[in-house]
């Protein structure tokens, strides 16, 4: 083989085509779509999902799955809201969210890495537990009356830039650096690609797997902070079902469920695609039942295109 | 079976060996590394019993033994992946503890594994330095430019021309092995363990590896080299240690031993490595391939296989041999040409092959040949299901009888038909893969590297079995990287280069020289 | 998917089913000790009938999971199937036509799923997740927020009736369990399906028509969902667009508690049947013991994890 | 493949373009909680009918995931972007909706609040009755009917949703007024018929002598009703919503009552008020929809399919 760089194959072509079709289509169909204000809308609306989908990419890279994330975000949102009411301190509030999330991550990681329970089963169990705890903590009520410093997280802006945008830019930068510029990132790829390689490199795969789930939990806490700020409330069922959106975004972005093959930027695009689809259909006033169909069709079509390109096994 | 009379631990001629180096260092008076009385028991298996071994700087120490003799356990003890139950390790005369891979690395021990320790979706550089990436100025962040520079340096050292940013999953098996070697070398190892490093390499790449080994030796690196290839053992080895059943049988000098002697020590009895067979007059044409091209890149393939003959398919690794086998069998999509089996046009699917009585014994037994988590019985019946049970209903007794017959016929060593396939040794697993086609009464066999990773005793059995098949009127197309096997076993052979067949050698012309000449010609 | 030594080593399936049966008995004894109402014929018949609907969904899903696949669309298939079939039964006044409709929808959905998974090689999780949304959307559009209800009593026998004092669904469940077990373990197709799950490449290279069998498996899963839709209609006497959303996860949970591995090649219908019973018993027990609703998700989650953990423990100690 | 994708693109774009039809009059956006509860279907039909009769058009927004508050907030953003003339909204969560309402206020789009009263923000008007009151009234009807004594079971909605919480609170308040009634079990059945039936079957084993069942919606009530009749229980049962199926059951005597605050009329009045406001006609600050407990005696006006119902004329609307 020569040193010629092989042409890098385009990743997630289905998603790319879908994005182009949607962007052009919505711009044609609705004059409001391509406005700066609406673009900002889409980004702000997608911020919580992105904060969950980025660490989900890590989890899926390890050949794992986290079904609990929606329930955990909900749990974190009520926990941090209660702390916010009690202390009024943004630092304490954020810490509470991240801590509760990380604890949920410890449970997931412990079940998966140490008791070796398949991720699907383990996180299905945690889902139930987190949902229960959120209900018990609140008695089923949303927790309102958050102080203004918490509301600032979604509603405020710094130097004219809305805070959620700063948060997701920072989140992406952190997660990108972590995945591609640190030894930990290489370990994440190895967890899915070849765990034996980690052992032989003197790295405990269990500890690394644990770290991935704890990281995911901590980000769920951060997502909960943004969500609570957006709702001005902690809500015990606010993010139920978000895990499937997150998994869909990650998969749309070209991350495979096997062998540690993935792409973080793809996840960003996947989240954007889901946001754009919902926003565009709303602007076109497409009925909700048709919207539901469209989401399914987007997912299937994006992968169909992929299939026509991939070589036979 | 006559067991060789040498008791383990008995002083051997090779034990007094000292390296012939110019360096007059006091360290040379003691071995670089010494293992004393290492024992290791896994649940139910005694893997190592009181194995002692010493390696000096600048020595290439060949380690021989059948599968299950304890070589890989010994290696794992050395690299810290497994800890010994008893015994001690001395490094430069001092006792040391190797409890983890990190300990081993600190002592300068590096291992080149046969089963790749690479991460498919990381690039070459990140693989080479996995867990050891150079740190940058920002804490926790990898210094990427240094990472790539260092990798380039190591790759140049072994003369391996590949972009360090290339993702490993895009590399072929041979190149992955080179990355594996680069990974071990990048650790500046003082003790290097290699497990069949040439198994996947072409001759040219092997030559390059041998040159590198010579250079490392000159630098005083101690090398433990595991191989099944006699030629390598004698060409490279300073000393040879033979393991059998977890014990050291003997350590000897190459000059003291003949290949037959080594095989006898490994197996515990005499084995004929020339694989004698009766050459007969071939019968009617069973397989006829005309102008076959496939999506995998092979083109214009013409070949025939007749009743009662073994036809070799050889060439360098990557020359397209496996692709030809897959295209004929219907595993890869064919773009042009035709395949006739027993005169009938082949439908181009694996299912059709099975129906026509054609069998494929694939290169990678575990990933393509067996359902490891299922039982021996399940695997044996897999290919024969539609013809054994024409009604569609599975009769347990019929199935059991059919499977049992093959177990007996092939001498498969298994506790029962309900044993999981993964519990069996490589040789027995290979027999199951062959056996499932015998249950299906196949008559045309394609063997892709049938003896890879199988020990010498089992190898002879496999070849005896193949001979039996052709004696009974079957036709065989056999791919092998070991040219001596082709020369000994085949009636004829086709030689491939660059995805095409470049020549056909009749029995009289069949020699390693001719194969290499055709395969390498530019 | 995960290459951890020891994890995929599984003992003979009969032993594992027996272990599950033991777990089920322990649960039963525990519940009868805690609640006097538990151990009555009526309650046990109730539990069996409740488990039946769950089992109809999980039976097809078990086959899918055996091939290392997943079918997230069964709930939505039931929703669409029940809504359309319900309308047909009402409007055409023919239970048979309705039954054909439900099975037809289930089979068609399964065919599409199977083609996406086998021909287009879309990961099963994604393909059936996309299908879930499409079907849900169709159900919403079709029903436009209405409920279809009130079916002839002859048809309702399928869900409500009794044969020899045993609820009809329970008898149908027993029949399905028997037929399904024979299919999975005593037919060529069943055996090929199991082997596809254990190693699809080896199966293909051994002449197994992998694509056709995969399509078959998803069609069977769709048909099972279609049949579940009929039983649902007969039992509940009504259908609306959102009935499926709460059905899929319990069906998957029953399969997992039943010992099937998501990595394929391992699992039995008998195991899934016990899984469905365990899950139903847990819910029954929580109702009988008046467990606060807030804690019910947690209890269910813990049971699922514990069941799988115990199973893995059993395998590890013996291997 | 390029050609195929170009064709696909053209097709899809055609579909997009075909969709952008524009109506003549005002555009009101109607935001409801989910597609599954018949109450909101009635509300949507009511709003559409009222708008049609006033020559305006309605854009319906329903979260694709039922009762998703974040999705409803996103839909508010999108409606503002789309510059709807007015908004009629039934908030998923009356507390968490407040930031969305404030955005609507900031965009100066008039908003009418229906069904659940938002705990903040400015509205042209509020139309509705709260879940608490309706649950309390319905429960009282049942408790009276069983003679103020005996065992009662409550079937709850989805834990964590505002309606479920409020209805449960209403039930409990009513129960407190009847000291001889014993609440023997209160279990969630998540507004689902199947779950209600199965939970009821289970509960009947431990509590065979139950005299009454309070279900937090009609769907659950009917599921429980089937379980009760099969077990031969004579327990009375009530639901909430006044759905068509419940009306039929009440008519045939299988169900005692269903609490209702008439989603259809709420939808009508919400749209009427929004349009009147846009047309600078006077509107009331609040319309309290009378909560009705539908029983055998007063079910006639409810026993009409949605399509056949007529919005009340403006004069008939109670203004308070």
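To keep things simple, chains are lettered A, B, C and D as they appear, and every chain counts its residues starting from 1.
In this section, a contact is a pair of C-beta atoms (placed from the backbone, for glycine too) under 8 Å apart; a residue touches a chain by one contact, two chains touch by 3 or more.
Everything numeric in this text was worked out from a predicted model, so none of it was measured.
Colleague: With centres defined by CA atoms only, which chain is the most remote from chain B?
Modeller: D
Colleague: Of the chain pairs A-D and B-C, which one is connected by the greater count of C-beta contacts?
Modeller: By number of C-beta pairs in contact, A-D is the larger.
Colleague: Hey, how far is the Cα centre of chain C from the one of chain D, in Å?
Modeller: So the centroids are 32 Å from each other.
Colleague: Using mean CA coordinates as chain centres, what's the chain B-chain C distance in Å?
Modeller: 44
Colleague: Please compute the C-alpha centroid of chain B, do the same for chain D, then give the distance between them in whole Å.
Modeller: Each chain reduced to its C-alpha mean, chain B and chain D end up 70 Å apart.
Colleague: If you look at chain C, which of its residues touch at least two other chains?
Modeller: 140, 144, 201, 293-294, 296
Colleague: Among the residues of chain D, which are close enough to touch at least two other chains?
Modeller: 35, 159
Colleague: Strictly by the criterion at the top, what is the full list of touching chain pairs?
Modeller: Result of the pairwise touch check is A-B, A-C, A-D, B-C, C-D.
Colleague: List the residues on chain A that touch chain B in their complex, please.
Modeller: Touch list, chain A to chain B: 1-3, 5-6, 177, 181-183, 186-187, 189-190, 192-194, 196-203, 259-262, 311-312.
Colleague: Within the complex, which stretch of chain D touches chain C?
Modeller: Within the complex, chain D contacts chain C at residues 34-38, 40-42, 44, 66, 156, 159, 185-188, 190, 192-195, 197-199, 201-203, 205-206, 219, 222-223, 226, 230-231, 243-245, 248.
Colleague: Going by the contact rule set out above, which residues of chain A touch chain C in the complex?
Modeller: Within the complex, chain A touches chain C at residues 63, 111, 115-118, 120-122, 124-129, 131-133, 135-136, 139-140, 194-196, 244, 247-248, 251, 256-258, 287-300, 303-304, 306-308, 310, 313.
Colleague: In the complex of these two chains, what residues of chain C are touching chain B?
Modeller: Chain C residues touching chain B: 8-10, 12, 185-192, 194-195, 198-199, 201-209, 265-266.
Colleague: Mind listing the chain C positions that touch chain D in their complex?
Modeller: 35, 37-38, 40, 42-43, 46, 50, 53, 140, 144-147, 149-150, 160, 232, 235-238, 240-243, 245-247, 283-284, 286-288, 290, 293-294, 296
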